[in-house]
Structures are given as C-alpha cells and as structure tokens.
Amino acid sequence: MTNSMSNVKMVSEIIENSYKVLKKEVISQYQVSFEVNKDDVHSILTLLKTSGWIQLSYLSAIDWPEENEFELVYIVFNWDKAVHIQIRTRLNRENPVMNSILPIFPGCKYYERETHEFFGIKFPGNPGHEKQLILEEWDDIPPLRKDFDPRAYSDRKFVKREYSNDFVNLNGEKSKQIAREERKEKIIKVRKGGRK
Amino acid sequence: MASIELIIVFTALAGVLSYFVGRLNKVAGSVVTILASMFVFVSVAYFGYNNELIHSTEFLPYVTFSVTYLGLFFAILVTFIFAMVSFFNPFFVEKYKYPALYSMLYLLSLAGVLGVFFTNNFMSLFFFFEFVVWTSLFLIPMGRSKRAASSYYAFSTVGSFALLFAIFIMREASGTFNIVSSMASVNGTEAAIVSALLAVAAFAKLGAFPLNVWLPRVLGNSPDAISAVFSGGLEKLGAFVAVLALVKLAPFGYVVDATGLAASQYVIAALGALTIVFGTLMAIRQDDAKKLLAYSSMSNGGYILVALTIASSASVSGGLYHVVAHALASTAAFLAIGAVSRITGTTKMSELGGMIHKMPVTYLVYLIAIISMAGIPPMGGFISKWLIFQAVIDKGMILVAVAVFFGSIGSFLYVFRPLAALFLGQELPQHREVSKEAPFFMLVPMVILSGLIIYTGVLPNFFLGFINNVLTEVGVTPLVIGSYTVTGTNGVLQPALIASVFGVGVLIAFIIFIVLKKSRKVGLMDTYTAGNFIYTEELMHYSLDFYAPLERLYEKYINITKDFYKRLENKVVDLGRLMKYYFFTNKPEIMVLWIIIIMGIILWGDIL
Amino acid sequence: MITNILFGVGVAFFGFVLQTSIAGVNRKVVGRVQKRYGPKWYQEFLDIFKLLSKRSVTHGWIFDFGVIMALGGIIGTAMFMPITSDLVAFADFDNFFIFVYLIAVGMLGMAMSASGSGNPLASIGVMRALTTMLAYEVPFMIVVLTIIKLTGTSSVTGIAEFQQLASNNWFMIALPLGGIVGVMSLMGMIGKKPFETYIAPAEIASGPMVEYGGKQLGMLFIMHEITVFIEVSLFVHLFLGGAENVVLFIVKYFLVYTTLNIISSVYGRFKIDQVVLFFYKWPILMAISQAFVAIYLGWVI
Amino acid sequence: MLSTKFTKLSKEEVDRKWWEIGDFFRRNSLWMLMYCTGCCAIELPPAMTSAYDMERLGMGPMATPRQADVLLVTGYLSLKTLRRLIYTYEQMSEPKYVVGIGSCTINGGIYHDSHAVINQLNRYVPVDVYVAGCMPNTEAVMNGFVDLMGLIKTKKANGWKDYHARNEWYMANQKAALGEVKVHDEFHE
Amino acid sequence: MKEMKLFLGPQHPGMHGNASVHMYVDGDIIKRAFLLPGMLHRGFEKGMERHSWINNISLIPRVCVVEPDINEMAFAMGAETLAGITVPERAHYIRMIILELARLSIHLMSYGGLGSPTGLYTLMYHAHTDRNTILNIFEKITGHRVYHQYIIPGGVRKDLPIGIEEDIHAFLDDLENRYEEYRDLGINNPTVLARITDTIPLPAEVVWELGVTGIGMRSAVNKPYDLRKVMPYARYDKIDFEVPVADYSDAKSRVDCKLQEVIQSISIIRQCLKLIPEGDVRVPLGRGQSMRWTIPKGHVYSVVESSRGEFGYFMVSNGGVNPYRVGVRGASYPQGLLGIEKYLPGTRLDDAALWVDTMGVCSPEIDR
C-alpha cells in the first residue's frame, strides 16, 4: 500500500485542523492515537468514516479509579490507507453516559452492550444495551472495574478444593513428596556419615 | 317387507316433524334426526340385504322405483353415514342459527339421497338430485361461509345441467325415461356424448379435477357434522353416477392394443390421475384440518374414478370397495376433527396441539381412520388400494400409475399432519384447561366407524361378496374371493393373515418392551433443547408450514384451477354488470324495447 | 399356521442377526475408507443391548405405544420376507405391496411416537422422512410395476423364481435403467447419504431419534436393522434373482449393502427439497422410459 | 447320575447378575455427548477421528443427552455453562457417567480466581473420572476413557447413584453457586 | 402459532464450540436469530490484569482455543511495541512458520468441519488426521500440541529443533499431493456443492456495516484486504504470496478461499524455511528478572491476521509489572453476534450450521 507514515500525517492533519486534540500519540507507523473531548467524538468518527475509515475495529473502556474517570477507546481502520486510529475520550466515573455511535457504525451494537455490562457505562441510543450479554444473573458491580476483586468473589461463591495431607497414592508407588523426604533423609544420613 | 316409497315418505315426514319438535326444543329436534336416520338405516339395510324391499305404491306418476344391487349398495352406505353423523347433531345444535331447520333439511336430504339411489326413472333421478342439492345447499351456510354454498350451487348446477342434457338425449333415442332401457338404447356418437355428460355430472359431484373448487370450500366451511356427511355420503352420489357413466356405458374411441383400453377411458383416467395428484398436493399445504381432509376426499374421488374407468373386475370392485373404505374413514376423521373443534372452537392446526392427552379415544379413532385413508394394512383402505394397484399394473397404465402411487405415498404425508400438529406435540396452554374427552354419545358413532374400518380391513369378504353382486348386475366379471383370501390379477391377498401377523409382531414388541426396565415419566417440556431452558409451549410445537420445503417446490403452480375459476367468476360478474347497465336501466321505454326484441327472438318460427 | 408364524418369527430374528452383523462389518469397511480401524464387528449388538439395559424416559403413553407399534409392524413385515424361494413363511402371500405398506405401519408408529415426544426437531425429522419417502417411493414403484407386469405375479418369490429360469436374466441386467433407479431408491429407503436428510445430526440433532434413549432407542435400533433387512433383501429378490440357498442370499445381501455403504461414505447429504428434486428428475424419467420400453415395446435384455 | 441342584437365587442376586451383564455391554459401548463445554474439547476431534479412532473402544459421539452415556466436561465451566450442563446431565438416561477433563474441572486450574468459573466440578455433578492436564493430550484423554471402563467393570463408577443419594447436597451446592439453575435466558426479548 | 423456537447449541452437533444460536423458525425458514454468547466466559481481561506480563504468556493462548498462536503473536507484538524491543531476524521467520502452520491447521479443521453440516464425515476424518500431523509437528517444536506458549515478547521461546525441516517438508509435500483429492472429496463433490452453492450469502455492501474481516470480507469485496499485505508484520513483506479473493461471498466461495489459502500457507512456509537466517531467537527481557519485567507507560492496539480476520489486542500499560488493561478483539465477534442476528434470518434451518462453520465463529474469543 501507500507509505504508511504519510498516512499517519494525513490523519493528524484531518483531525487536528478541525478539532481540539487533547493529546496525540504516534504509536507506530500503522497506528495513531488522539485523545479528544467527549462532545467531539461523534463528529470525528463521522469525519473519519467519510474519509475512508469505514471499519470499527474495537470499542472498549479503561477504568481509571484514581482520576475518577472512564476512558472510552474507539479504534477505526481503513483498509486502503492502513492506519488504525484510536479515538479516546474520558467520562466521569460517577455517572458514565456516552451517546451511542450506532448511527455511524452499526457494528458497535454488541461492543457497546458488552462495555455496559463490564463497566457500567450507559449508551443511550443503543436499544437493549442494558440487557446482559455475556454474564447471566450477575449480582455484583461490573466486573472489569478496578474495584472489583474477582478472587474475593470467587472465594465467596465457589468452594476451593481442599487438599488434605494424607494423600492416598492409588498406584501403590511412593509419592514424589515421600520420595523427596526419604531422599533428603538419606542425604542427611550420608552427610552425617551414617551416624544418627 | 318394506316399501321404498314408504321409507322415503317416512323420512321426509320425520324431517317435517323434527322441524316442529325443534321449534319447541332444539335438542329434541336433533334427537328426532338420530331416531329417524337410524330407523331408515336399519330398515334399508335389513330388508335390502334380505331382498325384501318392494316398490309397489305409486304416489306420483313418473316417480317409480326399483331395487338394484348398485342402488342398494350405495343406499346402505349413505344411510349408515347419515345415521352415524346424526349422533353429533344434538351436540352442535347450539351453534346453529336455525337448529330446527337444520334437523329438517338433514332428514330431507337423506330422503332425497334414497330417492336417487332407488329410482328407476331418469326424470325422478334428476328431481331427487336437485332435491338433494337444494336441501344440502342450506345446510352449508350454517357453518361459516355463504360463499361455499354459492360455489357448491354453481358447480352442482353444471352437473345437473349435464345430467339433464344426457337424459334428454337418451329420451330422444329411446323414447323412455327408464334408466336401464334408455341407457341400453344409446350407441355410437350419442353414447359417447351421454357418457361424457354423465361423467361431467359425476365429476361435479365427486369434486374431481377440474370441477374441484367447491369441495374444499364446502367441506372446510360447513358445520362439522355436515362436512362428514358430504365427504362420506353426498359426495358418493358422484360415484353412483360415475358407475352409470363409466361402467354401464361402453367406452369409445381408439383402442390401444397393449392395454385394451379406449381413448375415452384414457381421458377420464388421466383426469382422475390429475385429481389424485392435485388433491394430494393441495392437501399437503392446508393449515385447516377440515380443508386438508376435504382435499383428501377429492384425491380419493380420483382413485374411484381411475378404478371405475379401467372397468376390469379387480378395478371396479376395488373402486366400489374404496367407496366404502373412504366413506367410513373420512367420516370417522371428520367426526374426530369435529369433536376437537367442538371444544377448542378451531380446526386450524397451527392453533392446536397435544390434544391426545385429553382426548385419547378421539385420537385413536382418527389414527385408525388415517391408517385406512393412507392405505396401510390392516385397515379397509389397503384392500381397495391393493385391488386398484393390481388393475393399474395389469393394464400397464404407467403414467396413471405414477399418479396413483404418488397419491398413495402423498396420503401418508397429509394424513400424518393433523395427527402430529393437532393431536401430538406440545399441549398448548390455551386449550389445556378446557379440553376434555368427547361425551359418550359422540364417541359411539366414532367407535362404531373405527370398528367397521378394522373389520373391512381384516375380513373384506363379506363386503366384497356384496360388491360381486353389483358387479354381476352392471356386467363385469365378479372378483374371485375365497373364504379369507382375495385373488387379484397377479397375486393373492389374505388380509386376516396380515392382521394376525401384525398382531404377532406387536405382541413380540410388547413383550420386549414390558420385560425391560420401566421408564421414568417426564413432562413434555422436559425435552431436548440443545441445553437451553424453555418456558413457552407454543414455541416448541411444530405445526405451521409443516411441509414447507416440499411446498416451496410447487406452490407457484398450484393455484391454476382456482385462478381460472376466479377469472371466470370475474367475467360472469362483469357480464352481469353489463346486462344490468343495458337492460335494467331507469328508462322504461328501453326496457320495453328489449323485452319486445327478446320475445321476438324466442318466438321466432313458432308463432311469428 | 402356528408353525408358519413361528417360522416367520424366525425369519425376522434371522434378519435382525444378519443385518446387525453385516452392519458391524460395514462399520469396519467404512472405517477403512476413512483411514481408521473401526469398531469391533459385533459393536452393533453391544450398542443395542446396552441401550436395552438402560433406564430411559418416557413422554406419555403414545411415546411408548408408537415404539411398540413400530417394532411390531416391522417384525410383522419381516415375517413375510422370503429368504430363498423355499424358505418362506407364508408361501403365495409374500405380496410385494405388503412389504411396501406394512413397513409403513412401522414408520407411522415411529413418526407418531417421535411427534408424541413434543420436540419440534422430532417433528421436523418426521416431516423430512415422509418427504423423502414421497421422493424415492414413486420411481421404485414404477420399476416394480414393470417387473410385475413382465412376470405376471406380485409375489416376491414368484419374481425371484422367474429370474432364476435359464432363459431370463436378473432384472438388474434385464432392466438396466430400472436397476439403477432401484439402487438409488434403495439408498433412499435405508437412509444412506446423500438421502439421509431426516437424521442430519448437525441440523436437527438426529431428527426423530432426538428424544429417545434407553430401551425405546434400543427397540428403534432393532426396528431399523430389520427395516434395512427387509429393504435390502427385497432388492436382492426383485433385482438380483433371489437366492437358491441361504449362503448365496447372504453373499448377495452383503455385497449390496457394502456397496451402498461405500458409495454413501463419500457423499454429503442433500437438503430435503434437493432430494425430492433429485428423484423427480432423472430416476423417475428413467423409470418411466424403462417401463415404456419394457411393457409397450417388449425390449428386455 | 446327575444331581441337579438348583439353588434359588434371591432377587438381589438375580438383579446383580443382570447388572453385571449390563455392565459388560455398557462399558463396551460408551456413547459420549457432543458437548464442548470448554477448551479441552479441542483434543477430542483427534481422539474421535482417524488418528486415535475412539470407535475401536466402542465409543462414539451422540447428538442428544437422551442417547448418551458419558458426559464429558471438557475444561473450565463458566456459570452460564454450568446451568446448562446440570440441565443436560439431568436429561441423560441412567446409568450415566461424567468424565472431567482438564485441571479446571479438578480445582479451577488456571482460572482458579476468576469471577465466572467454578473451581470444583464434583460439588455440582458427580464425577467418575478426572483427566488431569492443561490441556491433557489425546493419549491421556483416551486413557481416561479406558479407566472409566475399568471403573464400570469394578462397579466403582457410581456417580449417578451418588447424585440420587446425596441429591440435596448437590442441589444446595448448585444453588449456592448459581442461584437458580433454570433461568430465563430470553435476553434478547 | 406463527413461529417455532429452535436452538443450535450449546449442546448440538452442528455448533462448533460452546455458544447457542436461538432461532425463530417458520416452517424451515429462520425468521429471527440471535447468538447467546457467554458460555465460555472466564473473565480473561480481568485475569490478565492480575498476572504479570510474563505470566500472561501462559494465559493468552487460551483465548482462542482452535488457533492459539495468533494470540501469542498479537500479545508479543503489542508488548514489543510498548517496550521498544527489536526482535531477532530468525525469530521473525520462526514466528511466521508457526503462524502459517497454525493457519493450515485451522483451515484443515474448518474444512473438515464442513463435513459435519453437509454430512460428509469422511472429509472430517481425513482433515482431522492431517491436522493431527500438524499438532505433532508443533509438539516437536514447542513441546505442546495445542497451547504452545512459544511466541513470547522478544522472540520465540527456543530455537527450532534440528531436523524439523524434514518433518515439515514431508508434511507439506504430502498435503500438496493430496490437495486435489481434498478438493474432489469436499468442495467439488456434487452433493456438497449442492449444499454450499448460493448458501447464506454475505453481500459486499454490508461487510463494513458489520465489521466482518478476514475471508468473509475478502470473498465479498474482491480486494486483498489481508493484514499481512496491508500492514505487514513479522517479515511478511519479504515473502511472496497472494491473497485469495472472490466477488461473491457464499459458503462455497468462502470455503474455496480457505482452500486457496492452504496453498498460499504452504508456499509461505516453504519460503520461510528457505530464507530463515541463523542467529538468536530471543532477546533477554528484564535483565535477568524477567518475572518482574515492566513495560513503559502506554497503550497499543496490536493486530494479527487470523484465519477469521483481524485479531487484535488492545493493551494499556501503566508502567507496572502487570498490564493495566488488556482488551481482546475476537476476530469472529462481528460475524458471530451481529452477523447471526442480521444475516441468518431468511436462510434455512439446514444452513445455520454452515454459517458458523464457513464464517468461522469461534465462541471462546467472543466470550473471553
């Protein structure tokens, strides 16, 4: 395809000319990231779609509890000018709401639904996104938030197998543990020169 | 000794009586129909079988009667069907708008039917024919559809006019209205025309292709009891006429050497074959159980036509036996469906399911009926189909054989569908509370019919012996029957042996079943769902578009006749509008002018 | 009469043992086509008896009644089946139509029982089985019509004996087109691919069998084995000249069944409407033209 | 002279004898349920197909739980699967056996601290044979089946009886982990 | 009733993996269909946050069971981009060999999987046997049959064993010799052809709407949209290969593309074996303390062309020992969820399993 670095430059020009970019990172020759305001996301994505970034590759969120924010990431891709563009924006963690991009990218339907399920972000405009997709009968906070501890949840709900020490060896051979202890004793015995 | 005239008059009077009783009490009026029709059946069957029916009294000129084996055969069958169906009347009168009228018409049509079968005079045959049409015509709209009645009337009119025309031709040739002598006197071209016209009458009555449109409409939309009467009884008038037209009159046209059949026979057989295929294909796609059975009646009418056309001993006896077998089976099936529809209020298969759990006896009756209809041993339908197959193979009619075999296998498909969708499958919640087994007096006729279906399948010799009499009478060599065996043209059948061997097989299977470990009973909803949980019975019941992949293959081509008649109907309506526009205008002088012109044309040559 | 019936039961049992063994051997044969060893030759017996020993579930009386009717009907049909011209339980009554229609009792019983389970997949399977039946039966019946017309008898032993006469060829050779149609129809009858649409595990999870387990499934397996026995031996008698002795019968039977199995192992399965279209295209044309040629023109090899 | 001495067997003994005969058939014809519950199912196709040919042992895949004898729990079980697994297990005809494949069925394996995966299968359904490993290779899986046959022969594969005997315990465990076993999953409606 | 509800999966012979398609059927036409995912949900993304970068190497292959190597590759590439590591040249070629062998294996499996919905079990038996040979080769190279944990950040775990080239060549020759036989048995078989021609088409204009990638897209839009070509990773830019495309995406053309990719993969492996240089296969991580290896702050979305399309890892590092957030874009996410919802309606019940098979719906990567 065409020279990729110039593609990245072209994208930067397109976006930086029209919108306020909070932070720009060129990650590799095929990837560039922009952090933008929440309100600009829809128009940027529309612009990108009309400029050839017609595929929504990925949509997800990152939880930043220290800053009390969620970060939404939209990744779009253009097959002719091979550049992945990350559009990132920050939401308030207390009341995370982001308008759905369903009219722009119909493929986002299930990504948004999953993001709601795992982070609790609401996407008005996406019908039925509040129903459970992956989980079933979930009874805790959304699991991908940082303050959710899966180990505690697992310990509470699922009983761990307990291994008792009097381990029965079905094959009639010495278990490794016993063999190791015997070997140790033997070594000590040898070291001590056969003395007790 | 009993007089035919008296029986007919008695039936008619009982009809009038039932009307007045019915005005007082609806149910009592319909009980009169039961008593009267049972009485008529018993007397016709008893005296007729013992050759004690007489025909002495002459009430009216030209209305004369004679007893023939052919008429007797049909009369016993049809009165039996009327008697059996009449048991349903008390349970259905509540649903009719004019219950007293219903009872009267029911008995009057029975009287008309008896007249048709016993008369020896073509003029009174025509009269009784029309009488049956008019009485039954008003029975149809007691169900749902007035349109059904009008199409029934239209097609019956075609048949009646054809009949009338044939009668006039025969009268012209022989100078008499007597059936036997006038039919014997025609020959050559006249015989061909008469035969064709009578065939048209038979086609119209049997609902055979292409005069088939009325049959499913009538049977699908009439009251449940009337559907059974039509399918088991009145439709068989067509078979009666077909015997007159096809067996008694000699075939005409070029005779093919290899088969020994004339061209006219080929034409009629081809139409019969088309009837079979068309009826089968249409029956497969119906959603209404009654319409499905209606198309199955049509397809079976095709079998009767094919059998009577070939006119060999195996085929005619097969055809007449098929009349019996189909009358019993289809009446039983219609009654079973009627019993279901009485409770659920619908006969649409897509709205029903799992009725077996509440109505096991009705289910068994339906099962036995459809086994017979599909021609599976040990039921009556197998014997008749076997005989027809023998005849078709013997004549080497390959293309007709394709249709016959197709209809026979296709009947498995369509008869199974109500079984699966209506009786089996998930028990739907909307009917779970209301449904219960039919009352005793509704079960009585159904069980009697089932018993007869099995009897005709296991020991056919009694009926075949009677049919042999008919065969001798109409001039066909009788069939060779032993005490338990039936000999066709290329094989011997022993139905009792088949039944007993089947019984042994079931016994072995039952022993295997019973010695093994007992099963654990689970509910219908505890079923394989690929591991998913289900709560909705109605979504777990396969009933709509049952044969969808098969239907897709032919649904484009199926509505040919319907479309044809639809267009014809539109043209007739247009013509009527045109007439109305020109004739019945508001200006009286134009009308007078038209009347004068028409009078002039009519009277031209006689007076002017 | 009693001895005849006992003999008939013996025939049914013989058919079951024969077909089950041969099916086991055939699983090995197909295994070789698929580059593996395959199971033991008596694996089918183990499977059936295992099923009979399990505790199953039932969905109501029709579920059981249908199974009994299915097995009973098939055993009854098998009792009419001749093995050789002399070994036949009910001589003169082994009419061809009995086989075609009495088998249908078994089919109807199974269909009834399957639908009675209340599972829609079972009903779909039954629908497909019946539709397949509509497809393969008509061409087959036309060919048999030709055979009956030529031999003048519809008794299966009669037809077999007709072919054993020195002047006559087997109908497989005498009516080559009809023979091919017979093979195709036979594949449809015994449910071999590509006409195996009504089992189709990947579509409808084994169709009519979907709710069966334990003894009901075991009885249906027995029923299936006997059905295959009836249909294959019907083919042997109608097209391959029957058999003079039991060994010849077993050899012919084995060859027919194995050939069908090997053919079927390299084919996929049609959709149900493709099955119908397939049979109503070439096989029925071949059957009709064969019938015309044989009956009206008298050209028989 | 032959002395025929019939000792009348008690009903239990007769039942036992029949049971032993049945066991012979059962262990030589194990039909497994085609249910890929987890990632260890990926080693089943080689076991089923020509490379290892499970059919030599009389084993074969079956479409529905009614027909099958062996339930293979191939790997980790998320809660959503566990519900359906229990439902499927209860639909199987008795006698039925469960083979747990992979470490996840034994103690949760690599997902021991996951919020969605159970840790110990035999608390919810009785397990007859475990095959350890992540993932166990095909030989180990086949060996597990042979072990199961041995257990059937020695009448030790009694998990399904245990499920009857301690049904309340199993039910309580299922309830603790799952809440309701049967749920409305019409999540699209 | 107007409709009937049927299920394809989770416990169904037609379903590959553990997911459930709920279908509302009229007659045999599907009116509505939905995928019920989540039965293989393990909380992967959460689990990876709780393990160190190096520990995660053993966790990631389990995301997609049938094709684990792409996970390793995507993860390794992402980590390398973030950490700024240059991978030795030899490791690139070894990675390509592994990836293409894996592609061969999954294409064979999917081609054999065609045998299940179409009933051609012989094809399934043959294809799985060949796949087993690939697994044996993997076992020789990596020590594991399925989960190799071989491609790691900084290269590959160890060098190729001596003499593995003969094994690979022998297998490739064998496969190439029997390639025509495979085609004849499967895709050229008249019965299979009748099933897959014009079955469940995917129109070109809706590809973007769904976000379908991989063979499903290429067979519809007729352009070589393959990440190996468009944005070459490893050393795919030095290899000569073609991307099979088609202009009408039905089941047949998708299977056909898969088979052509088999030929391309064989050729790629051959070229790699020819071009592979000598040298190191791994750069050391974390200066002797690889378990406590940390990666600078940043985020990256690293993508690999899997057999089903674009497979991506979105990784965020906050400079710690563990990844801060890892998101997985399963390649079959669009065709699995949205594709089934939008393009299964209107097809027939018989063909539902064919969509799952030919589009390559891999449930573990949807659920994670």
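The first chain written gets the first letter, and so on, giving A, B, C, D and E; residue counts start at 1 in each chain.
In the analysis below, contacts are C-beta pairs under 8 Å (C-beta built on N, C-alpha and C of every residue); 3 or more make two chains touch, one makes a residue touch a chain.
Small disclaimer: the values here were computed from a predicted structure and weren't measured.
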| item | value |
| --- | --- |
| Those chains which touch subunit E and also touch subunit C | B, D |
| Intersection of contact partners for subunit C and subunit D | B, E |
| Two chains sharing the most C-beta contacts | B-C |
| Most remote chain, CA-based centroid, reference being subunit D | B |
| Identifier of the chain whose CA centre is least distant from the whole-structure CA centre | C |
| Relative to subunit E, chain with the most remote C-alpha centre | B |
| Cα-centroid distance, subunit B relative to subunit D, in whole angstrom | 58 |
| Centroid distance [mean C-alpha coordinates] between subunit D and subunit A, Å | 35 |
| Subunit B and subunit E, separation of their C-alpha mean positions in angstrom | 64 |
| Subunit D-subunit E separation of Cα centroids, rounded to whole Å | 31 |
| Residue list for subunit A, restricted to those that touch at least two other chains | 132-133, 135-136, 143, 148, 150-151 |
| Interface hub residues of subunit C, defined as touching at least two other chains | 34-36, 53-57, 120-121, 124, 201, 205-206, 210-211, 214, 271-272 |
| Shared interface positions of subunit E, touching two or more other chains | 4, 10-13, 15, 22, 28, 36, 38, 41, 43, 46-47, 50, 125-126, 129, 348, 367 |
| Touching pairs - complete list by chain label | A-D, A-E, B-C, B-D, B-E, C-D, C-E, D-E |
| Partner subunit D, residues of subunit A touching it in the complex | 128, 131-133, 135-137, 139-140, 143, 148, 150-151, 153-154, 157-161 |
| Subunit D contact footprint on subunit C (complex, rising order) | 27, 31, 34-40, 43, 46-47, 49-50, 53-57, 201, 205-206, 209-214, 217 |
| Complex contact set, residues of subunit E against subunit D | 10-13, 15-18, 22, 34, 36, 38-43, 46-47, 50, 58-59, 62, 65-66, 109, 112, 124-126, 128-129, 131-132, 135, 145-147, 364, 367 |
| Sites on subunit D touched by subunit A in the complex | 79-80, 83, 106-108, 112-120, 123, 173, 176-180, 183, 185, 187-188 |
| Subunit B-touching residues of subunit D, taken from the complex the two chains share | 35, 64-66, 83-85, 87-88, 91, 182-185 |
